[in-house]
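Here it is, the structure, as structure tokens.
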Amino acid sequence: MSRTAKPMHTETGYSTADSITVYGKNLCTEVLGKVNLGDMGFLGLTGRLPTPQESVVFNAITVTLVEHGITPSAIAARQTILGAPESLQGAVAAGLLGLGTVFVGSMDAVANLLTRTLKDTGDTPDYAALAKTIVDDYAARKAIIPGIGHPIHKPVDPRVPVLFRIAAENGFSGKYVKLMQAVHAEAQSRTTKVLPMNATSAIGSIACELGIDARVVRGLGVMARAVGLVSHILEETRNPMGNEIWHRTEEAATEHKRT
Amino acid sequence: MSRTAKPMHTETGYSTADSITVYGKNLCTEVLGKVNLGDMGFLGLTGRLPTPQESVVFNAITVTLVEHGITPSAIAARQTILGAPESLQGAVAAGLLGLGTVFVGSMDAVANLLTRTLKDTGDTPDYAALAKTIVDDYAARKAIIPGIGHPIHKPVDPRVPVLFRIAAENGFSGKYVKLMQAVHAEAQSRTTKVLPMNATSAIGSIACELGIDARVVRGLGVMARAVGLVSHILEETRNPMGNEIWHRTEEAATEHKRT
Amino acid sequence: MSRTAKPMHTETGYSTADSITVYGKNLCTEVLGKVNLGDMGFLGLTGRLPTPQESVVFNAITVTLVEHGITPSAIAARQTILGAPESLQGAVAAGLLGLGTVFVGSMDAVANLLTRTLKDTGDTPDYAALAKTIVDDYAARKAIIPGIGHPIHKPVDPRVPVLFRIAAENGFSGKYVKLMQAVHAEAQSRTTKVLPMNATSAIGSIACELGIDARVVRGLGVMARAVGLVSHILEETRNPMGNEIWHRTEEAATEHKRT
Amino acid sequence: MSRTAKPMHTETGYSTADSITVYGKNLCTEVLGKVNLGDMGFLGLTGRLPTPQESVVFNAITVTLVEHGITPSAIAARQTILGAPESLQGAVAAGLLGLGTVFVGSMDAVANLLTRTLKDTGDTPDYAALAKTIVDDYAARKAIIPGIGHPIHKPVDPRVPVLFRIAAENGFSGKYVKLMQAVHAEAQSRTTKVLPMNATSAIGSIACELGIDARVVRGLGVMARAVGLVSHILEETRNPMGNEIWHRTEEAATEHKRT
């Protein structure tokens, strides 16, 4: 074999017989009992524990995404546990697989748009001008601006002002949030339709404020939804609806064959 | 169609135009900014927010499972993002799918064993006698007692005493923990080999103390590992090893054909 | 590091600059254009191409499992593509994850039961006596005998006689099929309820006749259903029902909150 | 509830007590024993059984994708079965999740490019001119042309001439194949580097010839790889390498901590 092996390297963690190191910290003496699950996610994504302010904000944006009732993601998990009750992990995985470009994953698009736009604009960008350029671009491509619009939560997605307030109170209402709000104002100014910002606009922009790498912002939704899906599986175990979803769907979709 | 439709019912959550209710609480006024990600998991699994003591303990047992460095779960996630970088959720899902009966999922076995044993034993069970019966049963079947034994962490898995201490300090060292410790003592008394309790013994028994339904105890590991896998994908994005894992494995496994 | 590396070895395949070897055969000169997809599955599981008779039988048992209309598996796939239309592989994966102990995966139980029972019984086993022992055992444990019973297909699952006929016509009605049929006869003799054999009884026993390792018999269903799920995703793309499944389910499950 | 329910409709299949209809055919009388697994996939994707020529070609392009030895997909499946041996379906699902834009899923890009380009070009398109436009476009965007280039198979990916020959012999060397070959010729003419067509170029273009909807061409790879992954799991069961992959990777990636 002529290929030269390349090095492999991780900073996620390692164990010895009597110690476990995670993200550079001693799990048993520095982490357990002191760090909550959200802060542990922050530590993994930034390499350091959050300040109290960062902790409040990071936990708020992830908690937002834990649960949203009967979603396609929850239905997929419940249909899966029906056939494979021995594999809770398979049902959670099935539920996560739909967190793509349409649901939840759209946070990526917000974070990437803001990060790309603000890359070389210095400390005092002209938000209104940048927003105009962005809205022009999306209009020219007849594309939907990420983070804007919601089918139900009109005129205001109630999560958005709350999340922006929590971010502001903790010092995280900087340039990403300002640009997102400017984009929304610009887009709204061009239509008489009510155009709410949706939760992904707040989460995507606040995640950028916290220094979360835009490439894994979708991951905030994935980790949060994993938490929520376990509760769906518990409810499905105690008070199931999976069989009924199946039978109602099958009956409706094959009714033309039976009548 | 003659079947009578059965009712479907969820308490996970629902939305109206201007409000979002999750687990019976108003997401925007009662949850965001006040509840961390771990407490949100506790709320979903028990129907109420944790006390401060419960919060410390629940977060400690989930945080234990977030990250363990380069595990099969992390390798699966990293191999998946290599071929489908557009699908972070797919890579996390792939990483979760291995949390079965061998790794992490073994917490289920601990929780089920303890719950089943203590079901009708009253307030002052004879732990030593129950432990003897359990160990006899596993010995007769030549089966491995869940929660006992570790390939690396000898003589003590360092997580175990720390988790039991955190549980005790917060009032959660009750009958499940006592039975687990009695089972360990009984098993150890029968062999000269060092037989450590492993982390799943502590997590499984403490989860029972917290009132988590044994049927979804595995879910604590699944939600925690979802958090950790996002960090693996971030590291893989910045400093990849996926290609090297692939090529080294392929070279080693096909060397007999090439020489 | 003191561990001694262990060897890794695969016979699945390898490539050089100008050739690809798969299961010991030259893909381009020995396989392509000559081998159908089912035969390729047989080759992978047995190490040799099927005879014409084996090909008919193996393709018949896998084809049986490709499609069954609107199943929980299909619903999970359709709910997943709704949120992640960019990830067809994620939707298929979600659909496969429910093929566990309740649906499809129950073939494993049939194959394992038959293999275990016939392990040391020689060439002329007493099928009726073996069947009696099996049925006694399941009755004592109040357990369901794998392969027996169907909620809809009564008195006969129409797939069963057809599959057994195809197997017999091609020389694969040996001891596994005979034992399965004896188990069914014994179970039926003990009740006045109509107790049909279901498709998994035929597929599981015929797979054993073909020499498929019982430990991966479930895999026949998994590969087959992967084929069928792609068609569901195509239909969902052209004539979607995913949103309607979601909204009807959400409305029904949260109606108590809205009225 | 004010929403009007929308109809749901499937043509995939349905059952009655004594019959099973799949893709409009009676499974027991019209399909079993007569149709192989590949033809079943063709039936599901086109609504009709293939001609003998279509059967050869469709099976050839799917068989190409079944197995490729130790790939990231196979490693993910093997790492997953290590932790969850009870869930073969989970291991296959994990292996499929990496079939995205980098591996296998790139067939989508070929099929979409060809379909889009040839949409309104009539019966006698100017292939060279169309190819020039395509290559100009990709060059201007510094993007990689789908289907072109291979890291190992140089100067020729051996699957490509074989697949094009099989397609031609069966009457499926029409405008999609011609345009793909013209694109390759144009791209090759602009560089002195050897630029092979890879297997996805042949499979993507031939799938278009067969009338497979470009939106699910990736699905041919997904169904085929599901077949192959079952063999990997069988080999892993009999002659495992999963633990060794894990330990070698962990040792290499954490060596800097241990020395």
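The first chain written gets the first letter, and so on, giving A, B, C and D; residue counts start at 1 in each chain.
Note that in this section a contact is a pair of C-beta atoms (placed from the backbone, for glycine too) under 8 Å apart; a residue touches a chain by one contact, two chains touch by 3 or more.
Note that the coordinates shown come from a computational prediction; the quantities given were computed from them, not determined experimentally.
Enquirer: So which chain is the furthest away from chain B, centre to centre on CA atoms?
Expert: With centres defined by C-alpha atoms, farthest from chain B sits D.
Enquirer: Looking at C-D and A-C, which one has the bigger number of contacting C-beta pairs?
Expert: Most contacts of the two pairs: C-D.
Enquirer: State, to the nearest whole Å, the distance from the C-alpha centre of chain A to the C-alpha centre of chain C.
Expert: Comparing mean C-alpha positions, chain C is 36 Å from chain A.
Enquirer: For chain C and chain D, what's the span in angstrom between their mean Cα positions?
Expert: Centre separation, chain C to chain D: 22 Å.
Enquirer: Residues touching two or more other chains, restricted to chain B: which are they?
Expert: 7-10, 14, 69-70, 84, 86-87, 89-90, 93-94, 97-100, 104-105, 241, 245, 248-250, 252-254, 258
Enquirer: So in the complex, the part of chain D that touches chain B is made up of which residues?
Expert: 69-73, 75-76, 79-87, 90-91, 93-94, 97-105, 241-242, 245-246, 248-250, 252-254
Enquirer: Where on chain B does chain C make contact in their complex?
Expert: Contacts found on chain B: 7-10, 14, 21, 84, 86-87, 89-90, 93, 97, 249-250, 252-254, 256-258.
Enquirer: Under the touch definition given earlier, write down the residues of chain B that touch chain A in their complex.
Expert: Residues 1, 3, 5-20, 22-23, 27-29, 31-33, 35-41, 44-45, 55-56, 59-60, 62-64, 66-70, 74, 87-90, 92-94, 96-100, 104-105, 108, 152-154, 156, 158-159, 162-163, 166, 213, 215-216, 218-220, 222-224, 226-228, 230-235, 237-239, 241, 243-245, 247-248, 251, 255, 258 of chain B touch chain A in their complex.
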